[in-house]
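Shared between the two complexes below is chain A, which pairs with chain B and chain C, respectively.
The block that comes next holds the complex of A and B.
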């Protein structure tokens, strides 16, 4: 393991700053806070996909010892931020988040219809099983293919001319249809769920009538604070959201979901702190998912492999009450130098809950189609897939006609191919066997847009020279605190052990939620800027102490000391500086955000994946046996945690390609794969050695730390690389994920 | 979870008497299946009789058979020397099941009596004849990719209404069905010995019953009769991921070979029927013949003639056939 890190850089990585508390079980997750007087809530969810509740029989449940209340639309409190209930109830206009316990209307199977609150979770679970709900059922539509005719341009897009999801065209749309070599194919990805191992959980505490604290699993304490304050018409500062440790999320925690509101409402109604933990099966209908998406690609090239045209159409499912849009078709405009490109994106509303972003949102879906189609075209051209991509390398952004802020995708291809020994690949599919198994090589590119949001950071140095850095950012797993500590340590010249990074609390300085791979680029920059400011203040104070530090640009900091120059043997410690000036602490708060560079450059992370698979010709079982992944994300902050991110992305991609599939019985509009026996994610035995490489060149145009996002790009393209390897092994092209034995046998 | 009474008998007689007067009482061993079923509201026993203190853990070879106590752990059976040397097929099948952690809790008795993983069985909101007789079979016309392709005895006869398309989930039971196994049970009416082939049931009638165990009966042991298959047996499990998944199809093959010919052959299939599916005619078809891929292909296809695919599992016809060929080849030692 260690060796692999060292292949690419001398390993001075920090270990995870929260590693010890996590592995020893002392990290407190949302459901684990000990709050006096806590009571337990369990949701009852609908068993029909469309209709309305006609009756809720709760007497039996209420009679269970310990039960405090059975809450539903019949008796729930009024949420001040919601419009008054209509009589009779009316279906909401598109764009309205689901209001829990608001009216009797059912929008999807699994919708919360009631909630039992009791002294213990066991009492609540038992009582919840006794609540009888009767419905007036209406015909539901959940089947994608059967309803595809109803797909259309999202209302949101119709209303906004500048939406990136508008139909797009450059050159002549139909060009790809008349090219010498052409592929036209349809690709399907099924609904897939994030299913982090920690289920979503919340403890809601009303400290006073107008003061709310929630311990909630989410990916953005600030946005949760804002949404709760708005719903309950409270000043922002009266709501505190705490979310310090998170057992994975992958996008499932970006919104405030109905179950969160339900717990907050119950706590208000009962004047007791309420804990709600979703059951695994409830996770399938409560916190979003990667939407079922069908894509058509028409792609053509000249005989010698120059891309002429790409037409990429995608349709994703959404709910009846909200429009979930994602970047499904956008990569086709950017990734390759191609003169004629058209993209179209449509939504299909169904009687299901609203999808949401899931790791590599849109791009993971879209790149499965684009990079499979590129592979199909390379095969038709009798060209090596990598050579084909290099031939169509985009030297500048063909969509926006702007230079890249930085792009080392070519270096990624070269490094990846060398480490993988791609040159050994035979061009013909189904031509290599090993111990009776078919062997195949596949590759795919990866890209993900750069995101940076305004972020504030507070940096404090204390009398003993230790440093506290704070921001309301999050850590859903990547090791945010570790990376931020690294940045602060480097700028301040302080040993990482003396730095404490605090996150996951809404009272901390403003920061975006953790999504869109924006945390390092945004908050990392703010940490850098704040620590620079703190350093400047410390140096200024040092100057007042001695002539030695007056020498203009010569002053340096290291080991928690200020030195007059690099060669200076004697420095003055930060602690002594504070002591000399009679300061208990020294504090700065800084904001960092992007500027005019956004309009001058096109900014993306890039990467590629190389995959080897073995496929059983008799049983159709696919095993990934080797992966090399290589990314160009600007400067790498901390190799060890970055590498874990990349490995996690590949593992997610293996799941996406080979296993993950939320299957619905459309007669009932209900998922039937609602546990880990039915919804497969990879286990250790499915994961081969994964080699990770980075180009590690700072992108000087994006931000002060030269670093772009890594979280999403790690998964984008992996499914295509695997599907391409399966084709190479078997000669069989699977265009519908997941690639299970039934599709190959 | 419904409130229940928890009891801890010290003797077999005490355990049986605790269960005798209460049809809603359940024995609990490792709990890896029963507790899940209780959490999902599928089993709601009034009484849990914890049998872990009964003297039923022994694994021993006596006279002509291997006797394995009902409370022997799956992991211990799989590594026991007598099992590995005399019945390697059983060891392989056990190791193909679940995960290391689960095998450390799961017992032989519990494994025999584990219930199907059909998702309609698991969801109280959906119809299921096994869970609620007469409510219909959700898998019929539903999602049935993992469901049965063999139904009534010997594969003839149709699928009856009020029936069940689920498959038996156990790997161990597939191996035990291939070879000669006796299930030893004790109950209010004393000890009984049931042939493995008669222990689990097909689903044509009363699919709510997985086994022919009587009310209150306790499994005390299984006995696997000595055989000459140790050198040429193989358990092949085809699944959606490399480990920790139930079989799409599995094959337990046991051959007795001498002088390049097959003299006795047993084969049972998992993941294809309401109980492990024994291929009864295979012995006649292989006896006296030299192994070859072509022979195995013919033999496999012969059995598949009596299979019947549902809407979602047509692939199982070819997969089962291929899996039989692959397993037979490995067992016979030909490539």
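The block that comes next holds the complex of A and C.
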């Protein structure tokens, strides 16, 4: 029954609306705009992790033909939105974004200290190699375990009583200590980097002294516009940010990073358009990362498998100048019906750059610990891990004591288990081999909070009946334009080919950046509302044309025409309606946002993953051989692109579980993994067939389209499912990611 | 290796230089190229370009003959993207580790970020922009759209160029084989299963690639 629904959905899926430009190489990414007079910038970065610059010797670099400037704190323009530089410089208070070329202080290895601008990239690269920077070095601390004693409650949390990151307790905190069956364990995830295939890039163009255009790789043109306007004390409308095609980001583009400011400053200083493309090695220190995190879980249950208590503590790494907080421990409050729960979250500031949100931020990290611990406890209870989860299924939100807006996690478990053939699982670990390899099954749950932000959409119907829908939303890869086109087509009864969705430009109507799985819930709702409003206007105009359309609620739209009733054979086309009324076009702009329902229901996306692994008993090599992933995200808007997003999440999870690890040489506080040879991400040969299933049942309480976010839950839990499968295959529990062969032999 | 006679330089001296360039690449790399080689390539009217002089080359890109003076430090990737405006070829890592910059050089898939433009004198280059003509997409481009073999689209031109070569090389006989022979092309969005499906479909349908 469910399978049929999915097949139907896939049959009517739209191909990506930008498919043709992407497969022909004509989609324009940030570094690819043709701007007359463009010059090229290359960053010089610090080679110490803490201290200050004592001198910058740039004469040799400046002498290179083609070089226009070597910019550093010694000669950079003053950014009007930044406070005056102090002399001598003092370390900034916590909570201050790094100001590039502002003072001589060094906060981490890889910090931009100078930038060479030249006529060609080759000239700039060569000259950058000639810049000599000397430092007064101070002792740095980058080693997480050696410094864990310095972890504490974030200042932000201390100041905010209502912060979700406050210590939390329900029931008795110590209850899990005295249960019949108990697990206490520590789980570690290393620093992991987004590493989208497109390096971060910007072209900064000052059209006039007070008018700035930037083509920048980011996940939110509106927020970038606001931050740049603030920094340069310009009216918002004087700054335009364009980011139409984005070569992946996964969270690395949510903030305006120092390199973006550096390019904008250089363009202002030189009065030339400046292009800056980060090198792959700079991608490790310039655009954030998933923070190194250590978690302790103490979890207990009765002998028959009823959860009694969970204590979940997490400590994440941050920089010395900013606090990056994420949802690491929060899922433990929500996922299971458990009477006694306590969570604590701490930060450890180190001499590193600030981490940032990376796909499934906090939840992907926290769920690795929680769902590994659940698996450990199920094994201790001699229970099937899925049965154990079903036994502790939360029928309502145990944290907020509210009903779920909708939750079909049980159906996800059942459907996933059926497709995966979970019933074939042997309870005992290390009991199945295939061709000399150890085979294991693992599963884990996934959840991610529902986010919906106020969004505006403009919908315009033109004289020929074609439709333009606009919003300053983004597409880092999920297929935003395709999904929005689908929504508009359905509401207006217009063929998708006659609809053009425009995004990625800050001059378009307000929309949130693409993060937190919020795009479909937020912007999708606004597209729905705007197209409904446009349809209402068109129907009203049709009513003025003929008695036939005065039948109240009977009027329908399909094939770009208004009909008096469902059975009506003769409609009037949108084009004819406009023509009759002497209109060249008809335009509406509507806003859509959450209401009181947020206080009445608890809203989450749910899902689960089932994984089969084969492990070599000789080499410890782990191969994922089969994956079934199942999600409950309300209504699926466009099956084909949704499926790809789910597959992508699993692939990211395989990387997280088995290979991704940014390794630092703590003697220098410097990453030694600075390219794809050192930092491994999954390749074709690592990825097995991945089956994707959706419950596809609208959540009527969340928004007018009944759809919740998918991007994050696609990865949340995957690493735990793999770790659990590895345990089932080998009998060895690996609590520190990634699960590399050395940990299994 | 096939030599495209249209693109062969007019005089024997250039031909010899081209041969030497290729040799030197295999033997010791360009850094070991002797000074007289650069002298021979010197184009005084162009003036200095940093610490190096310009090199004149002639090559065929997407069927179009190009004569161009370039900085010898420039990669083929840089030439395509910055000088010829062919930005379909993507810069991913600069170290030949991601495959986003894959083009065909004399019919072979080649990482343009690891290839000096100066060494492509006489070569016949095909980029993603030259894979299909007019409004008709190449069958593999069609299959990528049908199977949703991409998300952000940034690795896509490299995947398509590599996929076409993979089929031509006879290395697309099974999903396992495709996965092995496509493993030089990374996709961070994780479109791998769909890419494999697209390549297999084109291969199995026996379409001309």
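The working rule: the second predicted complex is superposed on the first by the 735 of 745 C-alpha atoms of A that agree within 3 Å, B and C clash if a C-alpha of one lies under 4 Å from a C-alpha of the other, contacts with A are read in each partner's own complex, and residues count from 1 in each chain.
Methods note: a residue touches a chain if its C-beta (ideal position, glycine included) is under 8 Å from a C-beta of that chain, and two chains touch if they have at least 3 such contacts.
None of these values were measured; they are calculated from a predicted model.
When the two complexes are overlaid on their common chain A, residue A:199 makes contact with chain C while staying clear of chain B. When both complexes are overlaid on chain A, the residue A:673 reaches chain B alone and has no touch with chain C. Shared-chain residue A:129: touches chain B; no touch with chain C. When the two complexes are overlaid on their common chain A, residue A:245 makes contact with chain C while staying clear of chain B.
Set against each other, chain B and chain C differ in how many residues of chain A they touch, and the higher count belongs to C.
In the superposition on chain A, contact is made by A:663 with chain B only, not with chain C. Of the two partner chains, chain C is the only one touched by A:478; chain B is not. Judged by the touch definition given at the top, the superposed model places A:745 against chain B, while chain C stays out of reach.
By the touch criterion defined above, A:645 lies against chain C but remains apart from chain B after alignment on the C-alpha atoms of chain A.
By the document's definition of touching, of the two partners only chain B reaches A:620; chain C does not.
Once both structures are placed on chain A, chain A residues 122, 125-126, 675, 677, 682-685 are touched by chain B and, in the other complex, by chain C. Contact residues on chain B toward chain A in their complex (touch as defined above): 1-3, 41, 99, 117, 119-120, 122-123, 125-126, 138, 141-143, 145, 236, 238-246, 248, 313, 315-316, 318-319, 322-323, 325-326, 335. Residues 47-51, 71, 73-74, 78, 81-82, 85-95, 97-98, 100, 127-129, 131-132, 137, 141, 144-146, 148, 150-157, 160, 175, 178-180, 182-196 of chain C touch chain A in their complex. Residues of chain A that touch chain C in their complex: 15-16, 18-29, 31-32, 34, 64-66, 118, 120-123, 125-127, 194-199, 245-250, 277, 279-280, 475-479, 640-641, 643-645, 647-652, 675-677, 681-685, 687, 689-690.
Within the complex formed with chain B, the chain A residues making contact are 47, 122, 125-126, 129, 436, 616, 618-621, 623, 658-659, 663-665, 667-668, 670, 672-675, 677-678, 680, 682-686, 740-743, 745.
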